[in-house]
Amino acid sequence: MTTRGWITLAVMALLGVLPPLFFLTGNPFYLDLATRLVILAIAAVSLNLILGYGGLVSFGHAAFVGLGAYAVGIPAHHWLYTGWGDWATMGYVQLPLAVLACAVFALLTGLVCLRTKGVYFIMITMAFAQMIYYLIVSIEEYGGDDGLVIDTRSQFAWIDLDNPLQLFGLAYVSLIVSMVLVRLIVNSRFGMVLQGAKGNPDRMATLGFNVYVFRLVAYVISGAMAGYAGALLGNFTTFISPEMMDWSRSGELMFMVILGGASTTVGPVLGAVVFIVLEEVLSHFTIYWHLPFGLLLMAVVLFVRGGLAGMFGRKED
Amino acid sequence: MDFSLLVIQGLNGLQLGLLLFLVASGLTLVFGILDFVNLAHGSLYMLGAFFCATLTYLFGNFILALIVAVPITGVIGFLVERFVARPLYARDHLDHVLGTFGLILVIDTLTHLIWGPEGLSVPLPDWLRGQITLWGDTVVPTFRLMIIGAGLAAAAGLFWMVNRTRLGMLIRAGASNRTMVSALGIDIELLFGLVFALGAAMAGLAGMLIAPITEATIGMGNGIIITAFVVIIVGGIGSIKGAFIAALLIGLIDTLGRSFLDDIFALFMSPVAAENSAPAISAMLIYIIMALVLAFRPQGLFPPKVR
Amino acid sequence: MKRLMTMAATASLLALPLHAEPVKIGFVTTLTTGAAVIGTDMQNAVNLAMEHLGGKAGDTELEVIFGDDQFAPEAGKQVTDKLVKQDDVDFVAGYIWSHVLLASRKSVLDADKILISANAGPSQMAGKLCDKNFFSTSWQNDQTPMAMGEVLNRQGVKSLYLMAPNYAAGKDMTAGVERTFTGEIVGKDLTKWGADAQLDFSAELAKAKASGADGLFVFYPGAAGGAFVKQYQQAGLKETLPLYSVFTVDAISLPKLQSAGFTDVIGSKVTQEWDPSLDNAANKKFVTDFKAKFGHYPSYYGAQSYDAIMLIASAVEKVGGDMSDKDALRAALKEADFESVRGDFTFGNNNLPVQNFYLREVVEDADGVWTTKVVETVYENHVDSFAAECDMK
């Protein structure tokens, strides 16, 4: 096994074992922190599929996360206030709804976005994220700017999301599944074309592949995965607001991917770990924590090519 | 909707549009010539406002403070180019976005440390505080007319400089063919630095002009920068003319949307719902326009001739 | 008798281990972004209260941990979670913003901790969402604008244009003035709020003027207040469209307006439940010491925060620092047996204060500093309109 492979295993093992230990030794807050971390890692992994492997710099990925969270919040809201049946709180309804809504949103916006390239793609993905942001703000029923409290978490027969350990477990398993999924996609023929189109789209086109369609499919898969992460995030925070879709949140997800190492399996997870832990540690010491944080971000971009994962091992894991 | 109100709102839209142009012109120059995405351009807008506010208290004169603060912002822009932007030129846009995103955090927090959280208000001289009567009871604040005047003057100066001077010729040449300019024996690095400084000074000027109205506040640049990006994408990256037209278009749409959309919505939904959704929908309008432009004219409305 | 004293001594000895553990208060407010100017005022007042208490409630040490909500509901909820779970605080107090408080309330109440609002007063939490663990040292959002509506009626204002930020409190404030104002509401604008709030009100002011209303009612707290008043003056609306505001012209915005020379604001009238000129011993001490320490007048945000700490201290002292008996603690809080800066202090059935509302006027004090003074009492012992919807007795 390569160095990178061992690192992946070690990171995932620590991530699986440490947080429950914290919880059992009377530090429930650190389990919460880890749950947030793992959920954001899923979103980062999904972004890595298009940003890292596909070379599509989406600056609106937070919109999928937010939309996924609202797919949990809105039915729960109607269940409580307008008498929708118990089905509206079922996880079997909410989670697929989140995935489906984001897939449709990704399909519709992707059709337009993927006609552009380079910086135009960055900006148009951001524009669509801003649109959905303002759309949610405009809907008074769902709290507008004030956000929405989720009174009931998604209901499952076999797992209780009100139990922090079980919620963490679900998020952790989901992270592993999403990592494996991305790995499988990347190593498939589909993934080969996607990665080939990143370096040289014309050659792929000459080889007879419709690059546009390949990218669209990847974009939809990535959006759907981010929507799933959003549904988990809504269940975790039990509070959702349009703030979750702000362009700076998209920037943070991008930072996680780049910091950890784009187009590597463990990179986005590593990035999420460092991001969340740093944020927590720095903000503990000073309200001016954005200063060291910003300096670090600049230093990483200027001096650390290939992210943290790039520092160990070769390009392929 | 009466005519007088429409004129006033048109002027308000023009004022917003010109401020947007001042920010967007620097952004589009840096983007078009240096091929550099500068998210932190809005921070220069904010710094301009804070410098001008501090100097106004120091000198006791807003106009004098403005004249001194503009070159200061230019120098800051020059330094940002030298130490942050230049090492990133060879990288892709993603690194630009992330690097300057970090710079925003740094500048915002430093501003908080230096000037405190509450922001600074900028006192105006008496002759700028009053109102000017256009006709009948149609009056506009004098200072808002000054913003429009200053914005138009700056736009004219920029057009003159880019189209009529040697520096402008080099800038245009640099935009179309970088190697040719350096082959002519021009110090391309200095040229880039000057372009960056010019853009920073324009953004700073915009911040200084709005500060007496909204105060200099932390994070004031983060709202306008995204709108400015919309402007330059709609106008065509690298095109000053495109930025000008798109800025006025978006300024007018935003202002008129805020003023009249709720009345229009109230025709077919409850007044309460209209009042709540109108501001958000008018904010959405500019993004919808951008998406439409990109879908049908991916190079923007006025792409520069040679790219 | 002797035996009784021994018993008391033993009891206090037994109680000692409890005293050794300090009672922790989490205080959530805004410490970054432009709105930090309010948060800093609250923080100063809390620190002053702690100084006046000597850091103790009776024999029990008090400890305050501040949390920054970054002017956003999500961040506010996160920092509340941290205070409750990691720092294991006994009280969570503070909260400037209604939407932040609404987002955070479950985190505190589900953990059976005490939640005390030192400012935000969303209608939901005064009514249907009232809770035995939730107390307020401020007001319900609707009350202050209701008092303003009453004042407008008395002054014979016939029509009104409303402007407020588009968030929970902005909606409550406009609802409040609509509740008591008997004239016609000719127009209403709700503007973008939050870290990237709209601060240029040109379009809205032009609409307000064109509406031909007799008066303009606004609610713009914090830094936005100063910006609003300036644009109002720049637009020259003082004669044609008089300004009636709540939470806009205050100790937060006045110093900045004074330094920028906006003399028009002198004489403008606002309603409030507290004023630095209120004549009681606790208020005199608070205002004098605050001015001596921080060099400017405290705001009502500061006054309410000071009261929140004093309320907590009184209850902690009553239960002897024993945080385990929640029923006793709640009863002690409900008694509100402390010297409030607004004079007598009593809670209604929904644990919100039943209090007076005053009309105050902006004046120049003896030192030439702009401040406010009480003109008249608009409401005496006013109970908020949502108390009836609360099913607590």
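We just call them A, B and C in the order they show up, numbering each chain from 1.
Going forward, a contact is a pair of C-beta atoms (placed from the backbone, for glycine too) under 8 Å apart; a residue touches a chain by one contact, two chains touch by 3 or more.
To keep track of the chains, here are their UniProt names: A, B = Branched-chain amino acid ABC transporter permease; C = ABC transporter substrate-binding protein.
Since the structure is predicted, the reported quantities are computational estimates derived from the model, not experimental observations.
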Next item on the list: Classify the chain contact graph as line, ring, star, complete or other.
Entry: complete
Notebook entry, point to check: Counting C-beta pairs in contact, which comes out ahead: A-C or B-C?
Noted result: B-C
Next item on the list: Take the average of all CA coordinates in chain A, do the same for chain B, and state the distance between these two points in whole angstrom.
Entry: 32
Check: If you average the CA atoms of chain A and of chain C, how many Å lie between those two points?
Finding: 38
Checklist line | Per-residue multi-chain contacts in chain A, two or more chains | finding: 144, 290
Notebook entry, point to check: Which chain B residues touch at least two other chains?
Noted result: 112, 222, 276, 279, 283
Next item on the list: Please set out, as single numbers or ranges, the residues of chain C touching at least two other chains.
Entry: 31-32, 166, 192
Notebook entry, point to check: Inside the complex, what are the residues of chain B that reach chain C?
Noted result: 2, 4-5, 8-9, 12, 15-16, 57, 112, 116-119, 121-124, 129-131, 139, 141-144, 210, 212-215, 217-220, 222-223, 255, 258-259, 262, 275-276, 279, 283
Item checked: Residue ranges of chain A in contact with chain C within the complex -> 27-30, 32, 144-147, 149, 151, 237-239, 241, 243-244, 283, 287, 290
Item checked: List of chain A residues in touch with chain B within their complex -> 51, 57, 59, 112, 115-116, 118-120, 122-124, 126-128, 130-131, 134-135, 137-140, 144, 247-248, 251, 254-255, 258, 288, 290-291, 293-298, 300-302
Note to self: Help me check something: in the complex, which residues belonging to chain B touch chain A?
What the structure shows: 31, 37, 84, 87-88, 91, 93-95, 97-99, 101-106, 108-110, 112-113, 222, 226, 229-230, 233, 237, 272-273, 276-277, 279-281, 283-284, 287-288, 290-291, 294-295, 298
Margin query: Going by the contact rule set out above, which residues of chain C touch chain A in the complex?
Written below: 31-32, 68, 72-74, 77-78, 81-82, 85-86, 98-99, 102-103, 106, 166-168, 192-194
